[in-house]
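Here subunit A shows up in two complexes: once beside subunit B, once beside subunit C.
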Partner chain A sequence: MEIEAVRGRVSGLSWEQRFGLLLVAGVVVMILDVIRRLAVGELAFTTLSTFLWRGLVDGLLIGLAAVGLSMTYSILRFANFSHGDLVTTGAFTGWTTAWVIGGVGVTDIGTRLLINADGSSSARELDLQIFAEPLAIVGGLIVAAIGTILIALAIDRLVYRRMRTAGGIPLLIASVGVALALRYVIVFFYGERTRGVVRSSPRLEHPAIFWTESIVVHQFVLVVSAVILIVGLHLLLQYTKLGKAMRAMADNRDLALVTGIPTERVILATWVIGAGLTGVAGYLIVLEQETLNFNTGWFLLLLIFAAVILGGIGSIYGAITGGLIIGVADNLMLVWISGDLTRVAAFLLMILILIFRPQGLFGGVETA
Partner chain B sequence: MLRVEGLDAGYGDLQVLYDVDLEVGNGEYVTVVGPNGAGKSTVMKSVFGLTTHMGGTVEFQGVEISGRRPEEIITHGIGYVPQNDNVFSSLTVRENLEMGAYILDEVPQDALEAVFDRFPILEERQDQKAGSMSGGQQQMVAMGRALMLDPDLLLLDEPSAGLAPDLVEDMFDRVDVVNEAGTAVLMVEQNAKEALRRCDRGYVLVQGRNRYEDDGETLLADEQVRRDFLGG
Partner chain C sequence: MSDEPSDRDDASGEPEDGSPTDGGVDSGDPSADDSLTDRFAALPRWQSDLLLIVATVLGVYVFIAGLGLVTGLGFGGVTRTLRTVTFLAAAYALVVLALNLHWGYTGLFNIGVAGFMAVGAYTMAIATADIDPGATGTPGLGLPVPVGIVLGMVAAGLVGLIVVLPALRIRADYFAIVTLAFAEVIRLLITSGALREFEVLGRELGTGGGAGINFARLDTVVPSWILYRGGTIEQGTNLFGRQLLTVTNALGIERTLVENWLYTLTLVLLVAAVFWLLVRTGNSPFGRVLKAIREDELATKSLGKNTDLVKIKVFVLGCAIMGLAGIVWQGRNGYVDPNAFLPIVTFYIFIALIIGGSGSNTGSVIGAFVFIGLLFEGPPYVQRIVRQNVDLPRPDTVYDGVVALGGLDPLPLLGYVVGQLPNIRFILFGAILIGLMIYRPDGLLGHRNEPASPIDLRRERPPTAGPSSSARADGGESDE
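This part shows the complex of A and B:
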């Protein structure tokens, strides 16, 4: 009798709800398993906290990059496949600046301008890390934002602006072209070589304050910068006139037009903010992984899209949350599976979301 | 105040309006009725610069406004409430109203107060998301947004569309309130009888051309108009 009742209730659920239940059940089982492993000593607490911390670091980076993608999607209405290469652009412009500033008197200007394309110097020789060269690191961060903004605006002027009303698919295809062009312009100048551009981060040890044995300063800088930017973006969107107009335009572009919102100015602001955050994300990614390559952003693009889809395409808060979920899931999966397979878990999650809840975990096109 | 003469307009290559004449005086309440596909909404969009201008003139307070962009036309004192999707549903009621005054440097507090006076429920619900309100209330938000710049002329595109029948009467009352406060109204309506009863003057548009033009009451009483367009 009771089984019948339960069956009736289950068959009354939609596929979406069943998927949700399954997902929640899966997460609960995993959390219980983590607790069990901690209890029997299979998993050290420090290992778990390291996974979580690295998840937070990766998640914030992906989230920061995903915000830019989500913004251009919700306001310009197309999936920008050149977004990954804007990440790369930020990394290259920023680290060029860091090398130019940090390498004064150490190596010649040509080597610095092309970030050691000739391999004649090294990050070690420049001692490029936050304590030794704070000016270079911070200067690079600022230029990464500005450089990416300028390049994104130039691309918008040259390509996307002419196609403003062309619809999502032509714009998407154009953006693939832009992605390739941008990537190989970078290769033209900097070459294909992967290079180490930052020294290993200094560590601070202070077991009383930090939950891990030591803290990696570069990661700490990254987390603080990302959180400041995200909070700043939130304040801008919620409380400024421009932010409200951006939400209005994401919500209903035609209505924004007849309301008298200057749509081209809002689009300009969208590129400035979106590309700025993206460039910073690219710069910080390199600060964390210490190496730089012309494919750095391209390889991240799928993860960025996964974050955006997870949070609901067009939702900025969704993109950040999506990034965090992907980052944490990607790292926490190491408890059960090893190495590259964690990516499989992240993308499997993305595919399941696309099938069962295509509007994303947090619902439709909404910037707020 | 608004004078449309010999207007030809449409979308891209498709011409919808042929030689349309129309006038709205200061503070006047004018409706455009006609069968589906007659180009009623297109008249309104043409005034607001949302169609392809193909000929004729649109003059507002002596200034030629045809071919100008909506964000410019707004500054001349015309407000427009589209038929569908006419609120920013993810924004709060207050934010919707603020967007109506985007072209001003600051939100005009007196205009905001005036809108709240006309539609008190909006003040009560100002922090609620517009999308979570009922159809009638959303219509108020949309009208309120268009009134934030205190326009001389308000364009209303089928305001009764999508409203429950018992709310239609309330909607017409609200248009009366707006008009009585001195704002001229140009309204397109499918609910022709009620619209003609309320307005000062009406136009019947058929296949993109003027067919009849007269006082609302006269049109309502006209045998021909009744038989052809008002269903007896």
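This part shows the complex of A and C:
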């Protein structure tokens, strides 16, 4: 009887709900397995906490970058394939500044302006890390945001503004063009070489806080900056008219226009906020991984998309949550599968979400 | 999904950019009206398209050869470049045609092209690789090449089926992300160490991981079939091979060059065959449903067409052709590795399609030639020529160039720009893509009406025509 009743209930579910159940079941099984492994001693507690911490770091970075993509997706209504290259733009503009400031008196300006394109210097020579050169690192962070905003606005003026009424697909294709052009403009100036731009982070021995042996200061800076930005964004969107206008525009652009919302100004604000966060994300990604390449952002693009889709397109909190889920999953998957397959898991999850639950995990509340 | 206006009214078939097309438009006899003239009447469009393609190819050739010969690159250098361009353009044309079937005809925005090519090429590779390749190689099944090609196409088609089945109902931009993600999943899987070698039914197999996999060299095997008895050089030349090699020997052309050209020409024939297949498909009732789906899927459904089934069929067919292209293109040297299937390859193919104009088979082929001949191979070619003729300084960074410019010496900056030409072409690709989407979203030929019928509907006919008038009536007055 019981089984019959359950079967009846299951067959009454929609595909979407079945998918949701399956997903929840999968997550529960994974958590149980992690607990089992911890209990048996197959998985050391420090390993798990390292995975989780790295997942948090990666997740915040992806989430920060995903906010911009999510905003442009919902307000301008297209999948912006040049978003990854805005990440790269932030990394290059920011680290150029950090080098220019941090390398005063160490190397000549040509090397600093092109972040060591000629390979004549090194991050070690500049001693570029947060304690030795705090001004350079913070200055770079600010310029990363400003530079990316300016470039994104210029691109919007040159390209997307002329295509406001074009559909999602023409805009998507144009954004692919923007991505290629932007990436190779960067290559034209900075070259194709992958370079180390920042020294490895100093560590603080402080076992009490994060279960791990020591705190990696750069990661700590990164997490603090990301959290401050996210809270600031939350306040901005909740307590100003701008947030409401954005929500209105994401909902229905024509209606927003009729209601007297200055749509072009909202679009401008979208780019400013989105590109600023994206640039910062690009800068911080390099702070963590210590190397920089013209493909840095492009290779992350699909993960950023995964975060946006997971959280539901248009939702900013969703994008951050999605980023965190992707980041933690990408690292935690290492418990079960080898490192070169974690992305496969993330992308498959994204595909499944797009197919079965395109409004995202938390149900299409477009909070803008 | 397509937002272009569907009232394309240019029925003349003339491109706007002044290429010679009016070769045979007026041939035929409009007054007669039996089945023979019907078939003949279909020719002009066909002829004008062929002329357009030939003119484009010749234009690209003349550009390359002229530039090369004038600047003293020599005959050998020019022919080598021409062969590379022909080969790549034919390979691109094959994929672009398949993509045109997906996107141009049916509106399925597939940006996972590289993934389907990878499936084809890797299936072929695993099927035909040696069973016992030695210590460093990756073992395969050791099957004959034709079996491998068929298996590759079937596998690509099947993977296409797996992708399209669940993705039928999702939005066009989601479909794009799903296909791209799927292509990346495929690429990451073949790169992964986990599948480097595995066992199936007691047979050792593998993808070779990042190191790639060696298998039968198509660009040697195919010319051998054409030139030699039994397909192997040991049994001597066959009739055709003997005559061809006698002629080429007399001209002093090396045999490897002949073989290379033979493979390239085989590929060109393959493109012609696929072109023909797709034109026939596009002009069939099935093809009309495709175009109807592109313009308005809901309306097509309302007319009782099973659009899902049609989309599945078309997607699988296109993926199989992409698989074939992966085999004959990336697998020609008997070696594939995952780097040949980066997502950027998909975007190259998109650029070629958009230049030619999505929705036009002729445009697809022209786009492939223009893209490869002028945009892709052009800048490195110009770089080679410039470097051979002018001794420009080659500064390491743009900064050195700018500093020299400040000292009123523009040569270092110029030298840097020339050195960066292979990278600058990507900026050019991006700019072209943006420009096309803003100013000319239909590409060179996408604005044309494609006749949705095997007979020519443009021709004026007396209303009292015999049995053929009924065919015209179902053919639809509005060509698309």
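Worth pointing out:
We take it that the second predicted complex is superposed on the first by the 364 of 368 C-alpha atoms of A that agree within 3 Å, B and C clash if a C-alpha of one lies under 4 Å from a C-alpha of the other, contacts with A are read in each partner's own complex, and residues count from 1 in each chain.
Please note the rule applied: a residue touches a chain if its C-beta (ideal position, glycine included) is under 8 Å from a C-beta of that chain, and two chains touch if they have at least 3 such contacts.
Remember, it's a predicted structure, so these values are computed and weren't measured experimentally.
Once chain A of one complex is fitted onto chain A of the other, the partner contacts of A:Pro262 are limited to subunit B, with no touch recorded for subunit C.
By the touch criterion defined above, A:Phe188 lies against subunit C but remains apart from subunit B after alignment on the C-alpha atoms of chain A.
Of the two partner chains placed by superposition, only subunit C is touched by A:Leu302; subunit B is not.
Set side by side, subunit B and subunit C differ in how many residues of subunit A they touch, and the one touching more is C.
In the superposition on chain A, contact of A:Leu348 is made with subunit C only, not with subunit B. Legend: residue contacts after superposition of the two complexes on their common chain; A:Trp271 is shown touching neither subunit B nor subunit C. Interface residues of subunit A facing subunit C in the complex, by the touch rule stated above, are 78-79, 110, 113-114, 117-118, 159, 162-163, 166-174, 176-185, 187-189, 191-192, 302, 305-306, 309, 337-338, 340-341, 343-344, 347-348, 350-351, 354-355, 358. By the touch rule above, subunit B contacts subunit A in their complex via residues 48, 50, 70-71, 74-75, 80, 82, 85-91, 95, 98-100, 102-103, 145, 149. The residues of subunit C lying in touch with subunit A in their complex are 1-3, 109, 166-167, 170-174, 176-178, 180-182, 184-185, 188-189, 191-194, 347, 350, 354, 396-400, 403, 420, 423-424, 426-427, 429-434, 437-438, 441.
Interface residues of subunit A, counted against subunit B in their complex, comprise 241, 244-245, 247-248, 250-252, 254-262, 366-368.
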